[in-house]
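To start, the structure itself, in structure tokens.
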Amino acid sequence: MRLAEELFGIYRAKTGAGVRRSLARLADRLPTGAGEWAVHEVPTGTPILDWEAPAEWNLRDAWIADPTDPAAGRLVDFRRCNLHVLSGSAPIDRRVPWSELKEHLHTAPDRPADVPFRTCEPGATWGFCVSQEQYDALAARGEREYEVRIDATVAPGALTLAEWFLPPDAPGPATGEPAEVLISTHTCHPALAHDGVSGMAVAAELAGALAARPGRRFGYRLLFAPATVGAIAWLAANRDCSDRVFAGLTLACCGDDGPFTLRRSRRGDAQIDRAAAHVLKHRDEPYELRDFVPFGYDQRQFCSPGFDLPVAGLTRTPNGEYSQYHTSADDLSRLSAAGLGGTVEVCAAICDVLEGNRTYVNLKPYGEPRLGPLGLYAAFGTEPDSAAAQRAVQWALNLGDGRHALLDVAERSGLPFPAVARAAAVLRSHDLLTESPTADGRPRPALPAISCPQ
Amino acid sequence: MRLAEELFGIYRAKTGAGVRRSLARLADRLPTGAGEWAVHEVPTGTPILDWEAPAEWNLRDAWIADPTDPAAGRLVDFRRCNLHVLSGSAPIDRRVPWSELKEHLHTAPDRPADVPFRTCEPGATWGFCVSQEQYDALAARGEREYEVRIDATVAPGALTLAEWFLPPDAPGPATGEPAEVLISTHTCHPALAHDGVSGMAVAAELAGALAARPGRRFGYRLLFAPATVGAIAWLAANRDCSDRVFAGLTLACCGDDGPFTLRRSRRGDAQIDRAAAHVLKHRDEPYELRDFVPFGYDQRQFCSPGFDLPVAGLTRTPNGEYSQYHTSADDLSRLSAAGLGGTVEVCAAICDVLEGNRTYVNLKPYGEPRLGPLGLYAAFGTEPDSAAAQRAVQWALNLGDGRHALLDVAERSGLPFPAVARAAAVLRSHDLLTESPTADGRPRPALPAISCPQ
Amino acid sequence: MRLAEELFGIYRAKTGAGVRRSLARLADRLPTGAGEWAVHEVPTGTPILDWEAPAEWNLRDAWIADPTDPAAGRLVDFRRCNLHVLSGSAPIDRRVPWSELKEHLHTAPDRPADVPFRTCEPGATWGFCVSQEQYDALAARGEREYEVRIDATVAPGALTLAEWFLPPDAPGPATGEPAEVLISTHTCHPALAHDGVSGMAVAAELAGALAARPGRRFGYRLLFAPATVGAIAWLAANRDCSDRVFAGLTLACCGDDGPFTLRRSRRGDAQIDRAAAHVLKHRDEPYELRDFVPFGYDQRQFCSPGFDLPVAGLTRTPNGEYSQYHTSADDLSRLSAAGLGGTVEVCAAICDVLEGNRTYVNLKPYGEPRLGPLGLYAAFGTEPDSAAAQRAVQWALNLGDGRHALLDVAERSGLPFPAVARAAAVLRSHDLLTESPTADGRPRPALPAISCPQ
């Protein structure tokens, strides 16, 4: 929550100083001594897939004042609300008649007290965003000239993005198999809380949670980049990502108390889709699963048909589905520590499923092994948790045929993944399960030689 | 509606002069200068699959009169209702006592005022169909002799059927692939409107609609044939149809205002099944999808296991599911211009889906192509139709992987097929999509060479 | 019902004299002259898969008395209720203070008037099962010494199980294909009715029904064995069962009037799963289908991953889902002749589906064969049963493509299997269907040479 508050105070556009300052703040919060942090500056004009890196845009100050009424001060003032400037606006510094000015004002008529968030291509036009109430007050003053100032620069510079990579510390998938988990969040929205800083704050916190879990088979890559061009620049520089990315999540709108919404990957049944759905199902809260659509956030870039990465999208209340969306009312009051923390928990739990989803072979697959002497069977009549543990043991043994990974076991049994994973660990420690050399085509264990009663 | 009225006035049985007169009337209404019209006469006794062409049956007049009561005139008179004669009845011309006559009268006790429609094998017996009220009035006259006349002939002749074939005028599927769409309707029911002339009228009107659409990849074959033996005769003469027919529809009971019912083909997931279901789903009207059953109309002949053609069945209120079915109450009052016209629209829309269902490859499949400069992205906040068009563009690009045809795109996106097809056409014109050389196994486009920011 | 009553009177544990006496009683009821009956004695200590055959346990008498109150007689008396002794209890014959005795008493507090059924490993401890009321009455007597006697032996002996095998009397599946149907029921619960004798009584009655049906393609093996160790001993001695067992059912809790519950096999879509579901669907009674779980009865042994037999589980009210479960209230009053008889009927009907589920090829697959002359088409307007028979004929012909077995036809048509099987038999007798040489890849019959009308 504190990190979210700090990031909320930094003015960020798609490019420029605010992005750099935010990334530096994030870097401070990443776990020390674990993972590699890299900031990439892509020079303006660099071709990135079908696009090119845009001109860098920086804003220092902006206002509208009435030169005939100096006592009124700044009528619209960037220092009071950093959404007041059309993001990417061309600079301006001249007297502008109301008849012209009003064509450059953007409002959100549905929410008359709030300032909308609008953007344009860098330098394409100039403009201010104001509340409908501000607009009406200006209009009431009648035709007159205003002093209009946007102290911005549109100039060659760079597109800035950053990655934090936590390498695996345990043997991973076979050589040549994808072995990386990609978590991506956008950095470009200024004073928006739920649709702005929540993703950055959650990702930074998740970094700590991941670093604290030893035995990682996968590498974890956290990507902080401005929407669209940032993702495209990363893809342009990581054209082998289809071979590397095993699973991915885009994080956004993840800081309120709304129910989770999972947007499945384009593939629809990738392991990330199933793992995330499983985690959400076993939380005692409402949630929603949706199929992939090629709009909304950077999932559409990662899931473009040439890459088709298994990247799902996780939000709480989704973009566009709350009335404060893309207005100054999407402020820190929308966030909650429980909301942010719950998202970190869910992401970590999803990673736990990905990590733990191995395939085992039952080494005593003929009939039920005698578990009593091993202490694996509690006496009947014990407490509910123990009953679930017993069921997990029986499911893990029964589906231990080299064709069911533990997530299959969890899905088929209806048990939560951690219970199944614990059961598998206990069974391994008793030499009842062994990891399958390959998920398919296991050699069938030979039937133990036994004497026959007849 | 006018065509339906004219056809309603012609007395038709399975064979004979009425069929020929009806086909001639249909031929007049087919588009001039487009397509080939052929009438086939299959001589009586010709083996047709497991059957043979029946004797030709013609009827001139028929009545029942009381010779002792000439003032009463014809008590039952074919000129008043052409359903009065059992279709296929043997001729008769003699005095018949009531005790014998009543065994040859057919009624529909559930609808006492209406005359039922009944048939027999040509010449197998003789009989009249009368309303229950007529029957009761005759019965009330007590035992007496009647003058009974059916002026019919059962004689060697021919089974008459006709086809109209509109050839493709654009490159079609690969050589050896099925390239014909078969639309079949029955010609054999006399004065029945919904279960009689509606199919013929709709098919004739559809011919005009198809001829007016240039760029047809498929040939269209409209088949007008008596039920069962007509379809069997056509199949006997078109034993290669499994290699030729890409899709088909049987049309019947398609002239009232009832909701559409689609009876899927035996295959269940043929392209005709999916195209028809898609068109019905996107009309703003109730409709019903049903699985194939091997009874009812000629779908069962086309879908017999040796042929297994992908032929679905389209009706509005289905046969047997309205109380006037197969009685004199299934008259012109059941038809509506809107009902007939809506069926023509649906059939044409289904053909549009079949025609347009091509598979494309996105030529810029890595990330999202920059659509703004192409004018393909309207500014945000435009009207709803434009939003759907934008979504269609994004879906067509995202699923442009050579494995999704446009109907797949429409089904997955939930968008109507025409919107998806328009989007694909625009994208082709901007060289963003190209038709897939094959639906599967496309060569993956090479990643464009780009400079890398790191 | 009479057999159930007789078996209910015999005291049975997992091993020992009661099992042998019960098996002898069963043998008397099996059809004479048909099938082979074999009783297997597996010596104590024989390794059976991961287990070993347990010591044999026999019980003669048991009681608790107060030596200071001889007038009160036996306060707890095995002769009054044979559930009073913990099954497997070690022998005891000494004075025991209440403070010790109460630690060896088991009750069912939820059902204070009933004696629970509890077991232990042979000789592991000693104990009595008493009603909560008995316990409270003893507790009210205060601290004192009791005369405690359990006249039992735990000694090397044997584990006793039995099989009845009815060989096929008609050509069966191809050599090397599984050709055996396994019906298994547990023998080990003493005076329990629904969860005890019902399975044995139904299986014995089913034997008669099967023997009375000639033309069996499959062999039928009825297995009577104590739970867990009995099934494990059988599997140990039949390690080739995966190659032999085509279908199987475990029978238990099948004597009350509760709705049927089918627990599918681990495979979930084995022919036994589909056949049983089909039979239950077409009975005019509620029923429930459940997916496999690896607990409850011996299904989990047969469905252990090394064997993975296609064995489903059939019950009426399932184990654990009625309040009298595993108490003295699960007595003969829970059984009904209709309940037991209905289970026999269902099992026999399932076997009929397995037997009749052959695959046919339509010998006139092009168009509809002319059925009228064969008398296969009744005139329209006949009674409902005949209409179903006609539909069955049309379905059997339409799906007679060598790829649909009769159960597929029944499932797709919605008709009951017997109607479909009768239709197929009639069509075979008219040379319209022939049995498919193989279920797949049939040679397509050549199109009959016919003259072409055009």
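Here the chain labels run A, B and C in written order, and each chain numbers its own residues starting at 1.
Here is the rule we use: a residue touches a chain if its C-beta (ideal position, glycine included) is under 8 Å from a C-beta of that chain, and two chains touch if they have at least 3 such contacts.
Here the structure is a predicted model, which means the values were calculated and not measured.
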Interface residue overlap between copies chain B and chain C, same or different (over half shared): different
Turn needed to bring chain A onto chain B - CA fit, degrees, nearest 5: 120
Distance from the mean Cα position of chain C to that of chain B, given in whole angstrom: 53
Residue list for chain B, restricted to those that touch at least two other chains: none
Footprint of chain B on chain A - complex, ascending: 40-43, 46-51, 53, 121, 159, 228, 231-233, 235-237, 239, 266, 291, 293-295, 300-301, 303-308
Interfacial residue positions of chain B with respect to chain A in the complex: 362, 364-370, 372, 391, 394-395, 397-401, 412-413, 444-445, 447-448, 450-454
